[in-house]
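Here come two complexes built around subunit A, the first alongside subunit B, the second alongside subunit C.
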Partner chain A sequence: MRPILLKGHERPLTFLKYNRDGDLLFSCAKDHNPTVWYSHNGDRLGTYRGHNGAVWCCDVSRHTERLITGSADQSANIWDVETGAKLHTFGFESPARAVDFAEGDKLCVISTDPFIGAPSEIHVKRVEKDHSKQSSESLFVIKGPTGRINRAVWGPLNKTIISAGEDCLVRMWDAETGKLIKQSDPDAGHQKVVSSLAKSADGSHFITGSHDKSAKLWDIRTLEVLKTYSTERPVNAAAISPLLDHVVIGGGQDASQVTMSDRRAGKFEAKFFHKIYEEEIGGVKGHFGPINALAFNTDGRSFSSGGEDGYVRIHHFDADYYHIKM
Partner chain B sequence: MADIDVEEMPMAPHMLAPDMVVEPRVQVNIDWSQVDLDSIELPEGENFGILSDDDQEEEEILETNTGFGNVIVVDNLPVVAPEKHEKLENVIRKIFGQIGVIRERGLWMPREDGDGKTKGYAFIEYTTPQEAQTAIEQTNGYKLDKAHVFAVNMFDDFEKYMKVPDEWVPLEIKPYTPAENMLAWLTDDRGRDQFVIRFGSDTEVFWNDARQGKPDPVYHRSFWTESFVQWSPLGTYLATIHRQGAAVWGGAQTFNRLTRYIHPQVKLIDFSPGEKYMVTYSSHEPSNPRDTQRVALNIFDVRSGKVLRDFKGSADDFATGGTGGVAGVSWPVFRWAGGREDKYFARIGKNVISVYETETMSLLDRKSLKVDNVMEFMWSPTDPLLSLFVPEGGGGNQPARVSLISIPSREELRQKNLFSVSDCKMYWQSNGDYLAVKVDRYTKTKKSTYTGFELFRVKERDIPIEVLELENKNDKIVAFAWEPKGHRFAIIHGDGPRPDISIYSMRSPNNVGRVTKLTTLKAKQANALYWSPMGKYIVLAGLKAYNGQLEFYNVDELETMASGEHFMATDVDWDPTGRFVATSVTSVHQMENGFNIWSFNGKLLYRLPRDRFFQFLWRPRPPSLLSAEEEAEIAKNLRKYSKKYEVEDAEQSNINTAQDLEHRRKLMDDWKSWVSRWKQMYEEEKPYREDLRDGEPSDDDEDLETEEVEVEEIMKCEEEVISYGFEQVD
Partner chain C sequence: MGNRREFRWGDAADEDEGIEGVLPPMHVKGPDDKGVKIITEWRKREDGAKVKVTTTVRVKKQVKRLNPAVIRRRSVKKFGDAVGQNSSENLTVVSTEEIFLERFRPVGQQGQKQEEKGAELASLGNASLIVCRTCGKKGDHWTSKCPFKELAANRGFGEKPPGDDDMGMSTSAGPGGKASYVPPSMRGGSKGDGESMRKGRDDNSIRVTNLSEDTREQDLQELFRPFGSISRIYVAFDRDTGLSRGFAFINFVSREDAVRAINKLDGYGYDNLILRVEWATPRTDRA
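Entry: the complex of A and B
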């Protein structure tokens, strides 16, 4: 089916997130306004105005009541999804990058970038149901990894926090004490910056994309690499299908070099791989620039991609897709 | 850490040398986990029998470089009394100082202890070994006067000659050990071909296994070469380049080192066509920046690794291209005469072509072939036959000319004078049957050039020449290529971004021996031509600016078999049998590095991406042992032979499918068992999860209630007074 083009952002996309029901799609971009769309027809519902910098990441609560966004304006905001009102702002000394609500939406994790000598950090905050009682205090702060932490997500039962970033390693932290439990084997893991991390629907495994031109599938409890998907270009985004045994990865050459070569040189396709056989299934072209964000709808019947070109494309799968023979 | 006396310390188990007798040791109460082994210092010079890995490679270099490489010894000097020392020293400085820079305190004349007379010899130290070498070449045998003829030697050589034992010892005859069959790779039961790729710091040899749809690894080695690898022309050896020289490796699987060729700083190598000889080249920066670069060339015997002849000189001496030719050395400096005999090789110089014989390694008939202003020459690929090009001379009074000269008779077989020529390029057909000369001529206004071809039928009586001009004279020639072993050639010509491709034949339908055009393909995105080594098929490739467009064309049928694209492709290579084509993207680009393998008719068989991809080289095959008639016979009965292979192919493909299925089933089973383990845990954790969500029960959406909501949206509401046909009367 023809993809739906969402023209709403003026700057490159950074992150896409479907809510649990799959009817809404939240998009973050380097312009300052996270936006929410109807996922079935691409109508824009509204924007969340209040950030004063690129927005890197967002997460939405289980019942689509709260939205949290991390921004380069050194803050993370909690929004009321329905009204678009800013409920709370967590201020930091450096840009906020990754955000993720814990199971039950009572906790959230926020990573911040290294900034003027300060190292990168992972903050864990309590999220109150009644936002008037919301405090900005961190329960604890994790320090240690060098370089940016591009993603931080909660592990099973909120017992662990998984983080990955510029130092190529995937780490597992104790979510109560903030101690390092485990880190990935440097040989088996990525060789370059890990740019993205996305959990499977049931949270049992997750996929990471890296500039080493590969994506890897990991066991969330053991940090064991289950699968590797190799491609020809740096990977910026990866997602796991909740319906079929597919993963989709996207990327392209560095944005700074895009104008220096042919449009196809970057191969700005979203590539589908068979999750278990690690074999390439096909590609979806369209973006005029590297793909920065990918997300599957929760029903697995559509996915969306966000590119450096500022567009979001929602692709609803054709009937053929469900009958791909491998 | 416990205070331990190192001398008495028992060694940790892993430090035991293999030949050590392990005696029952006195049990010392040391907790080894508490001992920091790195902090233990061993006594000076003690290694406990464990050799360091670092030293082994170094020894070989030391042999050639003792640090005295720039010191020479001058013998047969006059013996003079102390008062004349200074005078002699000045004379020596004058003679040797003009060759190179003598180091400060670099001249030393030993004297007798008693009367202070000189001993009749001197040591001179130059700043570079090259200067020392030149000094020996130029001053050895220099006559100072009748009684004093200099004998100049390298200091290093003295040591070498001193080592020669006084008595002759008969050579030890080594027992014969059968060498590996160097051609074993040709006997592959599946008839596959090998290729070598170089990427990153790795070099890897593969079988091209098209049936399996993937390459089959043969040999892999990191840091195998310091710059590039190169197959010998018949595929027997793989040559690697190192700081100390070149080396060749061979065999089907093992790639053992066979021979080394010592040539420090070697830059380029070249094999003779019969792979009997190897030419190596190096250039060295001069000590004085005003001088030109020094170059050194060695010709080795490939099998023994011995230097047969060396050439040294300044880069100017080896620069090609007549009087006003381009500066710099063009490779190969020495060009080998065609055929597997390796009888002659030649190089071009100012107004001469020097032809050497390999038998004596010296100039043929002790003199060079004198050709004024010669610009370019080429050997016939099969015969000792030279073609050469001389540009216009004497301000346009002497015409340019192309000549064919037979070696060793030096007889000019054919000559063609050409007028108002700007440039010429020669193309030999691979059997030496034809020679095409592309001639760029000035138009009358001399402002632009146009191109024509002179076609020599070399094997026919009197060597007839035919002139071919393009229909559109303004067309630029982008590429020209002969059909290997055939009579056809292809030209890409045109002026715009979509040039035309024309294919010609040297034969004509009724055998009048005239060149005929077979077809012209209009407006193609191509800038390079790649004929199959067996002829008949050609790949029309659009590399670089055309982004890797490929068209597989059948010249017998004059039809396109397939089109393809290997995005950003930089190289196209046919395998030596003409069955497969490799297209590769080398590291001139950052992205997409790697190679694709296609069948001859343009079906993509497999891809192999490799970062920092440098080289893809098919292993060449020696020429077929079958005669032309036997080959024709096989071609005639191809159907009969191919049946056998078709059956094999089918079997293999069945096996492949079975293996694939098996592999996939295993993957799927592994995955399923992993998932089931997870599921079990997931179920166990269910209550905890509910707890985290304040008792909200479900993980799934199953019990989600579907609620139908009817939404009524009023699009527009308008009230309008509608007038009737008749007015109401009040």
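Entry: the complex of A and C
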């Protein structure tokens, strides 16, 4: 395959997201402009101007009307996807990290970093269809985990919120009261910072990537570890294929070490694993920095990776990918 | 602009052909209702002969269903920094490099295979390949597994000169007449230059040079395996940079295979480079 290289960002990529139809790809980077691209040819559709800091995460509504972005400028913005207009800004006391729309797009969850003494928080906000009625009030705020909460997503039927972050644990919260329902077994779970979390297409399970050089597959209802995929480098991003029983894991050595060793030593590959057998299928090379973001297109026929090198690479699979035998 | 262009030397080749050299234009027939299209082309061969090339193609229409929302979004006006984006910005590039999903092979696999191969060979009666350097027995065991290992020192075969009981640090008089270290090859009783160690390495060994930097052992395995069983592949890597130094040694089990490999692959284009495959010259004595 010949990947499409997108050089729209001037700083390392942080997050990638396809919309539900799979025709648009949203990219967030440490520069201040989230960008949207056509996923089939890599054409840039537009950028969302208005943030003043690194953008850590984004999510797009089911029918691709609204985009929400969380940024280090202590705000989360809601945008109109097709015009790039900023519709609303949620202000916080600390940088916003993870954002996720609930099923039905009436609620969203936003996590904020610990900052000058303030602990990290998970905010749940109501999202109005008519943005002029949008309020900045949080329905409730969850406090408790120490360290950054790198990802927070909605569980099945919006009944729970799953969060994971620097304290290595995966937690499940009641989405109505904000009470802790469950947290992962510290021995079975990750031993280091959980850097990413991505749900499967049907939302029944999710994958987490961690700096302990592994990625784990979890049951979203029981927080049971189902599978573990081990690699040689810290994992920054992971995604589950919606089409085949594959997961893709990206990472690489720490960005601060990159210039000190050979390019090949970095292992900046997107590694494919068989979801069930936990066996490594292969790797896709190309980035010359660690991979920070990975996303599968919703049809499972292409995936994109975003690296510390500032590039997004869209890979459309060759025909033989669909016939890989283990 | 005048019709008559100034004559340039680069046009000479075209002019040479004159009116007679003009080839009939390409002709396309179809596609008919079955989607079959016949393309007739005329080409000129290097020796000047005209060749008619007829290609039959079936045109197949593939229907791809797209969500109406997707189709509508294709024509959405650009916004943000993408407004007025001209092609010179080149934000989107299709990689010139073909990237593959490189299949993962466990590290231990190859070694295992080789071991199996060894066992196979032994059972096939090709056992003379295995020669114990300690006792000289053929086809029974590897040197490291020799049952006479302990006896070796006392019996005086192997690399040690007879009568020298010290562990390698010989105090007996060497060629220099002083009590100093004498390498095994210089000691009395040894036949030549450490021959026993390198024997086998020089057997049916071929050298491949002008390899590209990316060539790995596995690539060579794939390239040379069709010629016969390979007993060893060595790719030279630079110790500091970890890059390939562009040459490799390959040992074949049988000499005929090696000969065939040399005949076939010398001058073979591999990875944009022309390989040079020849007999590995035995190392000259460096001492």
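Operating definition for what follows: the second predicted complex is superposed on the first by the 326 of 326 C-alpha atoms of A that agree within 3 Å, B and C clash if a C-alpha of one lies under 4 Å from a C-alpha of the other, contacts with A are read in each partner's own complex, and residues count from 1 in each chain.
Operating definition for what follows: a contact is a pair of C-beta atoms (placed from the backbone, for glycine too) under 8 Å apart; a residue touches a chain by one contact, two chains touch by 3 or more.
Keep in mind the model is a prediction, meaning the values are calculated, not measured.
Superposition note: with subunit A as the common reference, subunit B and subunit C are in steric clash.
Of the two partner chains placed by superposition, A:138 touches none, neither subunit B nor subunit C.
In the superposition on chain A, no contact is made by A:89 with either subunit B or subunit C.
When the two complexes are overlaid on their common chain A, residue A:228 makes contact with neither subunit B nor subunit C. Put simply, more of the residues of subunit A are touched by C, taking subunit B and subunit C as the two choices. Within the three-chain superposition, the subunit B stretch that clashes with subunit C turns out to be 633-641, the only such case among 165-173, 219-227, 273-281 or 633-641. Subunit A uses residues 262, 264-265 to touch subunit B in one structure and subunit C in the other. Those residues of subunit C lying in contact with subunit A across their complex are 66-67, 69-70, 73-74, 76, 78-83, 85, 90-104, 241-242. Within the complex formed with subunit C, the residues of subunit A that make contact are 1-8, 21, 23-24, 33, 35, 37-38, 41-49, 63-64, 82-84, 262, 264-265, 269, 271-272, 280-286, 313, 315, 317-318, 321, 324. In the complex of the two chains, the subunit B residues touching subunit A come out as 547, 567-568, 590-594, 609, 611, 664, 667-668, 671, 674-675, 678, 682, 685, 688-689, 692-694, 696, 699.
Residues 62, 102-104, 106, 156-158, 202, 204-205, 213, 219, 226, 230-233, 245, 253, 257, 261-262, 264-267, 276-277, 326 of subunit A touch subunit B in their complex.
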